[in-house]
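Take a look at the structure set out below.
Note that the chains are named A, B, C, D and E in the order they appear, and that numbering of residues resets to 1 at the start of each chain.
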Amino acid sequence: MYRIPEQNLDRLFSLTAEKSKLYIPADTAAGTAQFMPWKEGLKLTDAHNTVRSAKDFFFPQTENLVGFRVEGKSIEVIDVREETEDFVVFGVRACDVRSFSILDKVFLADPVDTYYKNRREHGTILSLACNMPEETCFCGTFGIDCAAPGGDVQMWQTDGWFYLEPLTEKGNAYIDTVSSLLEECGGEAAAECRRAIDAVKKKLPLAGLTTEGFGGDKMAELFDSEKWGELAEACLGCGTCTFVCPTCQCYDIRDFNTGHGISRFRCWDSCMYSDFTKMSAGQPRLTQLERFRQRFMHKLVYFPANNDGEFGCVGCGRCLSKCPISMNIVKVMKNLTEGDQ
Amino acid sequence: MQEIMKKRASELLLDGTVSRVIGWKAGDFVYDITPAVFESAEEIEKDFVYTAFCGANLSKYLVKESKKPGKTLVFLKPCDSYSFAQLVKEHRVNRDSVYAVAVECRGKADVDKIRDCGVKGICGISEENGTLTVDTVYGDKTLPLSEVMLEKCASCKTRKHAVYDELLGEEGEEVADCDRFGKVRELESMTPEERYEFWRGELSRCIRCNACRNVCPACTCEKCVFDNDNSGIAQKAAADSFEENMFHIIRAFHVAGRCTDCGECTRVCPQKIPLHLLNRKFIKDINELYGDYQAGADPDTRPPLTDFRTTDAEPSIVYRRGEK
Amino acid sequence: MQVNNTEFKPKIVAFCCNWCSYAGADLAGTNRLQYPADVKIIRVPCSCRVNPIFILRAFQRGADGVILCGCHPGDCHYTTGNYYARRRMTLLFSMLDYLGIEKERTRVEWVSAAEGAKFAATMNEFVQTVTKLGRNRKLEDLRCRK
Amino acid sequence: MQRIGVFVCHCGTNIAGTVDVKAVAEALKSEPGVVFSTEYQYMCSEAGQNIIKNAIREHQLTGVVICSCSPRMHEATFRKTASAAGLNPYMVEIANIREQVSWIHKDMKAGTEKAIILGRAAIAKVSLNAPLIPGESPVVKRALVIGGGIAGIQTALDIADAGFEVDIVEKEPTIGGKMTQLDKTFPTLDCAACILTPKMVDCAQNEKIRIYSYSEVSEVKGFVGNFTVTIKKKARYVDELKCTGCGECTEKCPQKKVPNAFNLGLDNRRAIYIPFAQAVPKVATIDADYCNMLKNGKCGVCAKVCGAGAIDYKQKDSFIEERYGAIVVATGFNPIKLDAYEEYGYKQSKDVITSLELERLMNAAGPNGGTLLRPSDKTHPHTIVFVQCVGSRCDDGKGKSYCSKICCMYTAKHAMLIREKYPDTEVYVFYIDVRTPGKNFDEFYRRAVEEYGVHYIKGMVGKVAPQPDGKLLVQGSDLLADEQLRVEADLVVLAAAIEPDKTARSLGTMLTASMDTNDFFTEAHPKLRPVESPTAGIFLSGVCQGPKDIPETVSQAGAAASKVIGLLAKDKLTCNPCVAHSDEMLCNGCSACEKVCPYGAITYSDKEFRGPNRTTLIRRVASVNDAVCQGCGACTVACPSGAMDLKGFSNSQIMAEVDAICK
Amino acid sequence: MDRETNRVREQVLRMSGVNVLKCMRCGKCSGTCPSYEEMDYHPHEFVYMVEKGEIDKLMASESVYKCLTCFACVERCPRGVEPAKLIEAVRLEMVRKQGQNRLKPDRIPALLDEELPQQAIVTAMRKYTK
């Protein structure tokens, strides 16, 4: 265990940024929090979490895959992949840390997504325990402990100190690069912080939410539930939930005609969109009900069915606060299991 | 108010005047209210709410719901009623199959603004005489409603409905001192460079979630040009700053003269982009160049972009702006 | 009028209505009135055919200036087309200006079939204005850059 | 995949002088889709066209790009060429490298580069062209004339003369219009009735002409060549077929106090009436506002005296539906109301009259049997003041901004007639300008001054004050003498401005024919198509299009007739295939397109569509009538969903051109 | 037109808000003017003289004060030119030029007479105290 006083945070950032790119959660002019490249003077946000999740680091919203140069009647294929540099992400919350392992199950499974893998290998995650979780937080439902956030290095902020505990090789390597600013210490303060957080966790309004009634084996009964209609009827079909979600990983691959060639890129897609997985025969999910059901079935049934019971949600609560009509996974879970209890 | 509305809605459902009611449904945290269709008095009794957090404009749901058999009751706040009237005007909603109930509104709260006041872990909120008491995981807090109102309510233009079949509560007045163009004027007085920086800063946060479009009561296209691969301008992601500009300019242009300034776009934007400033720019320009026009205010007038005067200003008026 | 021979040659798209302005452009040619080759004309039936999308598209693809020419108000071949175009373009240009994009890059001019000289003079002047502004950077799509 | 051929024309040295045509042909050869590229001296020559035809056949071309002069010059030529070789003529695009390149750019390099870019744009466009086939629509060989004044009568006679059936709809009980109320006509001073009534009789007797008098148009549907019109025949309470026009009823009717509209209320008539002796049709009409029988069921005198048994108090408005190929609007005019001009005392004094009232006062069939007497005391006026431009050329919100055109001449006529008949009368004409453009017009006016001694005063009357002794004190300025004149007049005649008939606006809406702010119908082109409305199949005759005198009206009536005959002579109309088209799957039914369409070519209907999961959806969708659409494209931009597109200039085609140019 | 004349002309046009180019020289203003005989320059000439910039002549003339400001010309002008407003503007310009009112308050009592209607006094105040 290492520690550094809060007032030395800027020095830590500065030293980190000398070695590799550093991202920290900070406030935009409009007051929204997002991960930004650190530069002198940039301050850590007071917001509990960022609007967009940390998945962007490994699975960006758009990414060029390949290019084609068209000259007259000839076409040439261009490799547009750039060498990714090492980067450090500071202050990732426990939920987002867990989301990476969920994304790994998709992108690192065979066939490996080399674009994703490349980024994953270059990123070091410094997680931060949640001292003041929001009412929308329900990571506990999925067995995530926001008091011990994980990642390459996990951190606690308490009593004017940041406590750092490396958990991986990459974490150790990072500690080495900034060791000049750190002092070694015992684990008592961090443990005390963990206890405080545990106490808060119990008070959270969604603390009682469980995954009971969901999972890979509940396919048939949940799919045919009559409640989907009512749940989906207000859904606008926008992609807000999908795009702020740390685990949504659907993408579309498109060609962009640049006038002198083609740029083939992939971009996030949303199962909420009317043209999601549309093929020449049309869109297999014709109404918003089916598209809505797809999103939640995927997270709560299909994903665990294919991934040893691991759910496709980390309880970050972003969709709870961002959905334009305030429909969300918690309401869906509660509603679907309403009669059961 | 809520109880009056519940009573009336139940009555109308029971006597068969209406077959369904579009209203607001309670959530888990007081503020997370979902628009919903109620088909029985029991459902109304159980979940119907009308609180300071019923900001959502229900009129757009009528595009779908009004096609169902029987009449659909919809609750409309003053600003929502303009959207409704505009939808009727554009034949998107069949007026005869809607039973419009006007409800009074004194402004709705924005939970994001409450959070911006440093409030975390909200478990409950109660309103009394314009003061909100917020119960949080970390203790209680009180806030005046007027300070945490939605942008659209802070710059409310009218508390009077455009159209309705029945009014519940008291009809309000137009807000005489409404200065909804203040920020637009401020932007206009900046240099082009400053304006460019401002908008790049705002629009660069866009994640193209389409929430603004999908919530907009003027955006009811069967298929949006941005979703139509044959349109030549379909976009799925904001892959380049141009695409952000293109989407927002064209969207604002498509609703120009039809936008009632209901403010939903800004309310739902997860990235807090002040999208209403684009629409209001068009509204302000239209008012100044072609005479005051309020979309949805009446059933007959031609929207400004499908109308003209032979004496209209020339486009060069734009170049002369800012010159003295 | 001659545009200074600088390195920068702007790309300019001119939408011309078939009945007046395209004919006016032809007349400029018939009278051998010079204007820079940077201007490329697209023929449309009427100024009201020009969708704001086309104008943004041109900027996306690297145009540095876009000009729309139509019949004089009151002379539209389709009687009212240019009146609609006038409103649309006024609002569009105002919006572009509002977004901080140089307003001088867009223009509407009414050119009749008899105004070859006006067409040439307008194009000379417009090319000069746009050349002064330099490359359109605020509204281009970087992917389209060569 | 398209197979495109590119043909670059030298145009002698016109193009080849400043454009390297070989380089252009070579560069375009490597464009995607291009399978053939060549250049030639004169593409438009027979040899040049043969090159194109042969290439189309030999290389199975699906599209042709010709880099040559302006498409305004030879587009039609090359389309025919393509057609002759079996290629759809709309698969031809032209890159204008003469007017827009070689003639304006001296620099060979710049010119060649630009020519290549324009060629690329044309190739990009033609790759997206679709073969277009002009549609056809049948023509109903009948015409409708709305308004039975001299304009409508002349138009109907001319159309009938060419052998086509024509119907006249007239809202008054008789045709004839304003001209029936005139006494003499300028500049020949022949009697209006003498020249008009024979034409009215011709109409009545012509087998091809049917007159719907006392009728109005209540609905118009359809489009050029195929209009369906509903005509409302107002109840006149007299059976037209039975009435012989003997006039017995109009003598016996006890209701004598009905203001006589024909004489502008200067005298009275009965409740059952025939407007004037030469009315066509000569059929009585009961004025329901005054008839005792209709109002309270007490009277029935006319029915008793009618030998033909034509009176029918139970008659109702009836509606007739007719089909026409063409419609002529000839709705005419009325003098404006002068209530707003208090300074002239029109309401205060009976002796301040309008010029049209003067016509009636001077007419042998008028209230005084043709003797000019003051309306107030029936004495001879000895001093008469004419005031010009009353309500014309006014920008004050009370009158009309335009010149009414006919007043200068009829005032000269009036002044002359009065001086001739009553030489002891002094006549003053206050004028701003005397406008006499017309054959023998200025001569006519000069005669009034030189031979008849009419006092023309340059200046305007400021005030007309009725005096206790019955005189009218006219105060005006004499600008040339720089003095303020005061004239003690017995009679003041106001040249009231004329305005389109009030029915014109609603008719314009029904016909979707555009109108200006003064409610005059707009012509398709102010110089070159002055008798056609922009809406196809609608023609304009007479003052409904703008102020006109009789000779002008008659010539325009003839012109409108010849346009109608030209249309009706066709069995089928070929439509421009470059028209708007609505994609029903995308259409919102919002009516934005309909609002901007100047031709009324867009209609809406509720259609059934297959919805998701075996449901059926009813949606309101637009459809474009190919026969009416002129292809301007206004609707394509008004449509937010992109459902409206224009064939031949589609969104994708124009964007492809943009892309090619900006590349 | 020299610069000074032009300035005065612009000033008069701006103060009055009148567009003299709308005048079609019909003379209705002069035909309607009750004060016509008293004036050297009549309302229609006023308009034309302002158009031509001959404002010095107008200022030198008594006509400016002969106008009763009855607004008959304004009311009846078919083109909406409003000659009386021009005259008023010229009066104002004169006052500005000479830096004082035409009429000083102490002179007023002597000018009043029993017969003078109240309305005339008010109009006079309006005219002379500019």
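In the analysis below, a residue touches a chain if its C-beta (ideal position, glycine included) is under 8 Å from a C-beta of that chain, and two chains touch if they have at least 3 such contacts.
It should be emphasised that the depicted structure is a prediction, and the values quoted were computed from it without experimental measurement.
Looking at the partners of chain A and chain C together, the chains they share are B, D. Remark: among chain pairs A-D and B-C, B-C carries the greater number of C-beta contacts.
Here the CA centre of chain D is 46 Å from the CA centre of chain E. Measuring from the averaged C-alpha position of chain A to that of chain B gives a distance of 30 Å.
The geometric centre of chain A is 80 Å away from that of chain E, both derived from CA atoms.
Of all residues in chain B, those that touch two or more other chains are 223, 225, 232, 239, 305-307, 310. Of all residues in chain D, those touching 2 or more other chains are 596, 638, 651, 655, 659, 662-663, listed in ascending order.
Touching chain pairs in this entry, ordered by label, are A-B, A-C, A-D, B-C, B-D, C-D, D-E. Listed in rising order, the residues of chain C touching chain A in the complex are 61-62, 141, 143-144, 146. On the side of chain C, the complex with chain B involves touching residues 52-53, 56-57, 59-60, 73-74, 80, 83-84, 86-104, 107-108, 138-143. Only residues 27-29, 31-37, 56, 61, 111-112, 116, 118, 120-123, 136-138, 201-202, 205, 207-211, 213-215, 223, 227, 236-239, 267-268, 270-274 of chain B touch chain A when the two sit together in their complex. Touching chain E in their complex are the following residues of chain D: 343, 389, 393-397, 399, 430, 432, 458-463, 475-479, 482, 484-485. Chain A contributes residues 70, 72-73, 257, 259-260, 286-287 to its touches with chain D in the complex.
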